[in-house]
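My questions all concern the structure below.
The letters A, B, C, D, E and F name the chains in turn, as written, and every chain counts its residues from 1.
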Amino acid sequence: MFVRTQRDNFESKVVTPGQVITADTQYMRGHGTYLNEEESSHISSVAGVVERVNKLITVRPLHTRYTGNIGDLVIGRITEVTNKRWKVDINSRQDAVLLLSAINLPGGVQRRKTEADELQMRKFFAEGDLLAAEFQGSFNDGSTSLHTRNLKYGKLRNGSLIVVPPALVQRCKTHFHTLSCGVDVTLGLNGYIWVSKHSSKNLDELDPEAIYSNDNEPVDRSTRETIARVCNCINALSRHFMCITDTIIAYAYEASLKYPVKDLLKLEAMEFVTTEVRHKLSVVRSIY
Amino acid sequence: MAPVLISALEADYILKGIDDNLRADGRGRLDYREVILETGLITQAHGSARCRLGEGTDVLVGVKVDIGTVDIDGTEEEVATVKAKRGRVVCNVECSPIASQQFAGRGADDINNELTQMMSRVLNGPQGGLNLEKLCIIPGKACWIVYIDALVLDYAGNIVDTMFMTTRAALFNTQVPKAIIHDLGDGEVEFDLSEDVEEWERIEGWEHVPISVTLNKIGSRHIVDATPLEELTTEAKLHVMVNRNGKICGIQKSGSGSIEHSLLSEMVQVHIFVI
Amino acid sequence: MVKNSLAFEAETFRKIQPQEYLRRFIQGNIRPDGRSLSQFRPTTVNQSCITTTNGSSMVRIGNTTVVCGIKAEVATPKFNSPLEGYLVPNIDLSPICSPKFKPGPPGELAQVLSENLNNLLKSASVLDLTSLCIKEGIAVWVLYIDLVCVNYDGNIYDASVIGMITALTNVKLPEATFEESSGLVKATEELSVTLKLQRIPYSVTVALFDGQHLLVDPTEVEESITSEQITIVFDEVGQLCSIWKVGGLPSSPEHLKQCMNIARERYKQISMIVKSSI
Amino acid sequence: MVDRRRIQGPEVSVAPIIIKSADKRTCLKDEHSRRRDGRNLEDICPIFLKTGLISQANGSAFIEIRRTKIACGVYGPRQTKIPSFSGKGNLNVEIKFAPFSCQKRRQPYRDAQEKDLSQLVIEALVPSIRLDLLPKSTIDIYITVLENDGTASCLAAAITCASVAVADAGIEMLDLVPASSASYIGGEIYMDSDLAEEQHETGYLILSYMPSLKEVTHILQSGDVDLALTTQAFEQCTDACSKIYSVMINSLLLPIRDTQ
Amino acid sequence: MPNLTKYVTPGRRLCFSEGVTAGPGVYERGEYLYASVVGVVQELAPTTEGEPRVVTVTREKVHSAVPDVGSIITGKVIRMTTKEAVVSIMVVGNMPCKDDFQGIIRSQDVRATEKDKVKIYNSFRLGDIVRAEVISLGDARSYYLSTAKNELGVIYAQSVAGAVMIPISWQEMQCTKTKTMEPRKCAKPDIPLPEK
Amino acid sequence: MASRKRPPSKIRTISIEPNYVNRDGSALFKFGDSAVVCSVNGPTEVKLRDEKVDKATIDVIFKPLVGLPGTKDKTHEYIIRSTVESVIKSNLYPRTLIQIVCQVMMDDGNILATAINATTYALMNAGVEMKDIAVAVACIVNKDGNILIDPELREIEKAQSYHTFAFSKTSFGLLFCESTGLFTEEQYFECYAICKIAAQEIIDKIRMKIQLDLT
């Protein structure tokens, strides 16, 4: 996480647009702040939490569309297929672009892109398909480019999608988690979370031909119930604006075992789960 | 923001879930989401209600009552006299763009038109439950016109059921001012409205107003109260309007799939079980 | 048994080279649909075929089919002509009759045809408008003449004129009385009044190809290829009611004379067909 | 609405009130339940159905039931105008009532009721047409009602006529879609009701059905009806649809048989 | 054996589906074969022995065709840009379509050899009639066409002087009146319309 | 019969003002008190929708003196376009648009003929290449059968029949004619001859005006 030095007192202060952060000019301006002309003090342009890294001041808004940085894992939905590229909605300002050259072709990594691939793009990804991809960088016109050149990325199967505000998903080392209750959770940094059945096969066994097939593995009733429970827990957490990591989801899951799955939709059930999680978090934090 | 597209894999997952009676959010095939209903929110309207289904679909209905003339021109003599002694109901449904991107600009036009026609088809006529004769002040001259305006604030599936529930609540909440009739002797009749609020009374027959149950056919099964993703995988939707004493007040199918004959009668029985 | 490939060659040839296609036929003194240059398509008329109207007719010239319906309503007359009723002719070329027409408000051709029909009624004073009066200055009849084209295969103006005139002849206006008390007009179904037309005009359209060939009663294919059309309207006493020649290469008075003779013969044919259809 | 693209009549014109003389009070059925035109309650009317009416269209049909007359033209499959790519074909229906077709003169431009009826016809026909074989193209169906003798039976006739026109256009279909209508009057079911009966009905049912696949493509019912009567009405409508189905087959095969 | 009452309409149940496959004009649902067009039922003997019999319904009504991947089309060049030529498709296979579809011949699809050295204005001119093959459904507005085969390319063109031109080689056409040569990517002449 | 100041076969004083509006070409054409301004824009860029591959798209907009354009003005647009289309060498300007806008300034009868002449002059003023020029003149046959050239508004109202002719200058062929009212064949051809003579007069007037402008 960020390095926190306790020197100045404006740390983690909640600011509103137009509020002065600091008059000290040796700081650099980051996102969400601007410099007014006369007294050269930093003013925040967004309502959010002030964060300082060495000399850089930024204000992180509470609720905003996802602004990506390189290397982020994101989940996206294909909105349009044009020649040699796909348009992908990643809950960001603009649709991201996935080039034909940026995906794994069926039949292993070595296969070169042929003429036929260009014409049969829909065999790989069609409109509406969900995929996990990595944030590669952005073109000069500001639109972001993705790539799925890695076996753990690609089409998402055997599960369902939950959408939460992007600010809640914390950046951590890996975003592919397998929860204790035997369910896979993929936390997209853009707020799209995919909860699916645990794929027993590890990465290299995946036969390259089937990575774009459109059929699910059979899901038995108990796994389906756990997936539903996890989805409802994530919903409860996002409704009370709590940040979401794999540990927090695990806590929420245990807390929710008290209720049958469909009661988790009720407000008071959500209330109970989140207070339970908050309590458990404070206990854990006090141990550190 | 309601998704517009769905992937084949998600659709297949939902289909299989419904087959063994466990949907993506844990509900069974015939379980409704939690309904939160409030009435009397808008002061200027004669009656209003707001209903939220789960934490998704949100519909606000306002009812205003106004005095209008009866339109009887052009119809046969016989039908004209019957119409002269009746008030009427005018409905209008509006999906506001804040509910979802697709409703911005002209996108909402045909959905609005479809919902408005469905509402007026059910509420105007004997099966609407309201006692229209009572709404007439002076036969042939003046009568009450009930304007029902529904506004969809948030879209999370199953708009039709929420809309009918909220309309019924709003009609329950409606207070109609009392009209005092003065007979001016030579057949001329005059009326004016009493100001004090106590004398206002409810529209007679509000309790017979029907509510709707929407059955979504997915694969060979059918579910109730579908979420947006489930609605995208639905082949055919069957709206069954039912009133208090179990009478069917209207059936309408929408969506592009077809329903097996056997499944159809089974779906129609379902509504009694749900009510 | 799909059509033999020669027929397809013709179809492709017609799409690529329309002028040449028609010229080949005309040189052989025959037309694409097998008629000779001066032969009219079979014309049928049937009357009062729609019961929800006060007067109606259906006219078929070859494939072109027009249905005309007249509905009578009541309105207050214009200030400066308190006795005169209204005649409102409108033709509707909806997308059902040909792929040429797009949905939405009437296109240019529909507006021009409606205007010509309106001029014909007014200038040839086909119906004395005072006969439509119910109560001077207060209530008069309005005859909405609506023509719906069901199938557009050229020469739509002739079919519309025949349809409109036949429908006008079999209009039955209910006996209307203006009620002082309620200010409404009540009409009884039993006794009905028929209209007396002062003039029975019928129109004939001839297409001019390459400046010299006169193609009588053009089909849609011929209409799209030739650019000039001459329309001549006669009435029952042989008096001219309107002549309308639009566009294309300049034509000489001889053409007009030939067309007038053709129109006179055709007038007799049409009035015979209409008489036999009652 | 002043429509400058048409010849203008007077601003306001109203239809006269038609006084029906006393004896013609309509009594819908006589003692041994015979209707005014001799049918009894569950009979449907004879149907005149002919294809190939419009030379310009790919497929066309004309239907006449009692006094209802409807013409339908099918154009397509042709290039889609909508910007988005669609793997499946698109169906577009436009119903138009001729201004003189109903008791009261209808406005020449499309009103809300016509938009709604068009949507109902689309939903009735889409399940029967194999749209997945025609990517990126549109089928346009234009229906003109020349005379309307009862809106419910008119809509049923429009669906039947449109389905025959699509088959006449040579477009691949799973099945023909006959549709039939019934009215609930005084607790009894009147099949194929006309205008007079419709004015006294407390409810109506329109059902479109694929007889050989035994699937209902569209159903629309309004009125205060209990369950038993509704299911009985379903049965009567599905039988009626099977009868109409044979008329549709003959109308399509007639022109072929006599050319052979 | 399907009951061979000659004429069928869509939805007509033909026969059981085992041992028989559905040809054009027929579809399979449940364990039955149904007709999907108006036409005559025929049962064709299978080409190779082992295959099951094929039931087809030949269409009675000539219907306007829809371009599909692989179909041969005839169309008119209506617009040119440096990278592609826009063609309005008038005939698909040998069935004329009532309304024209729109197709694009990209410069890399004009011919099979030296794709990148193609100059589009030396291959097509405005108003030429070309025969091409549909290679992909392309995007929302137009199909992707290719003339990369010998029998594809320009089949009818008017020279600058307005006379009809005849192809002399696969890349040149000669004006009958002024004998001037104009560069075109022509189709090999007198090949009958390839049956699609 | 209203007193008609000029003899039956004499047309009203014609006055032409070119470059009335600074467009590619424009002209005001007056028959006595009937005046129409016509402005020509072209050949310019054309919208993709109505682009023609081998010839120019001609678009006519006719604005009436009072009120919004209705079906009558749409008919005038259709007439002017079809008359002018056959005269302009449009295959010299493929995939372009020639836009003609006619605005009625004063209306004392015979508006259509004035508009056609104004359009012809505006096209010449704009330098659009034409095979021929269209000259239009109108006449009426009044109640007692004699023919009046170039009628005023009150004469048209009382006329028995009303004829408008448009001749091509070189061959004097009939480009356009519209006759309404009740008339016999002889009357029609008599009007045809008289209008032909009047047309010659207008052509001389136009040629004289052009010489005046160019010198």
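In the analysis below, a contact is a pair of C-beta atoms (placed from the backbone, for glycine too) under 8 Å apart; a residue touches a chain by one contact, two chains touch by 3 or more.
Note that this is a predicted model, so its numbers are computed, not measured.
By C-beta contact pairs, the most connected chain pair is C-D. Chain-level centrality, scored on Cα centres against the all-protein Cα centre, points to D.
The centroid of the Cα atoms in chain C and the matching centroid in chain E are 42 Å apart.
In this assembly, the C-alpha centroid of chain B lies 48 Å from the C-alpha centroid of chain C.
Mean C-alpha positions place chain A and chain F at a centre distance of 72 Å.
With centres set at the average Cα position, the gap from chain B to chain D is 26 Å. Shown for chain E are the residues that touch two or more other chains, namely 59, 62, 98-99, 139. In chain C, the positions touching at least two other chains are 99, 111, 114-115, 118, 184.
Taken residue by residue, chain A touches two or more other chains at 81, 126-127, whereas all remaining positions touch fewer. Per the touch definition, chain F reaches chain D in the complex via residues 68-71, 74.
Considering their complex, residues 49-53, 56, 63, 65, 67, 69-76, 78, 86, 88-90, 92, 94-99, 103, 105-106, 110-111, 114-115, 118, 142, 144, 146, 148, 150-153, 174, 176, 184-190, 220 of chain C touch chain D. Those residues of chain E whose C-beta lies close enough to touch chain D in the complex are 7, 9-13, 25, 27, 29, 34, 36-38, 59-64, 66, 97-102, 137, 139-141, 143. Of all residues in chain C, only 108, 111-112, 114-116, 118-120, 123-124, 227, 235, 239-253, 256, 260 touch chain F in the complex they form. In the complex of the two chains, the chain B residues touching chain D come out as 72-80, 110, 113-114, 116-117, 121-122, 125-127, 236, 238, 243, 246-261, 264-265, 268-269, 272.
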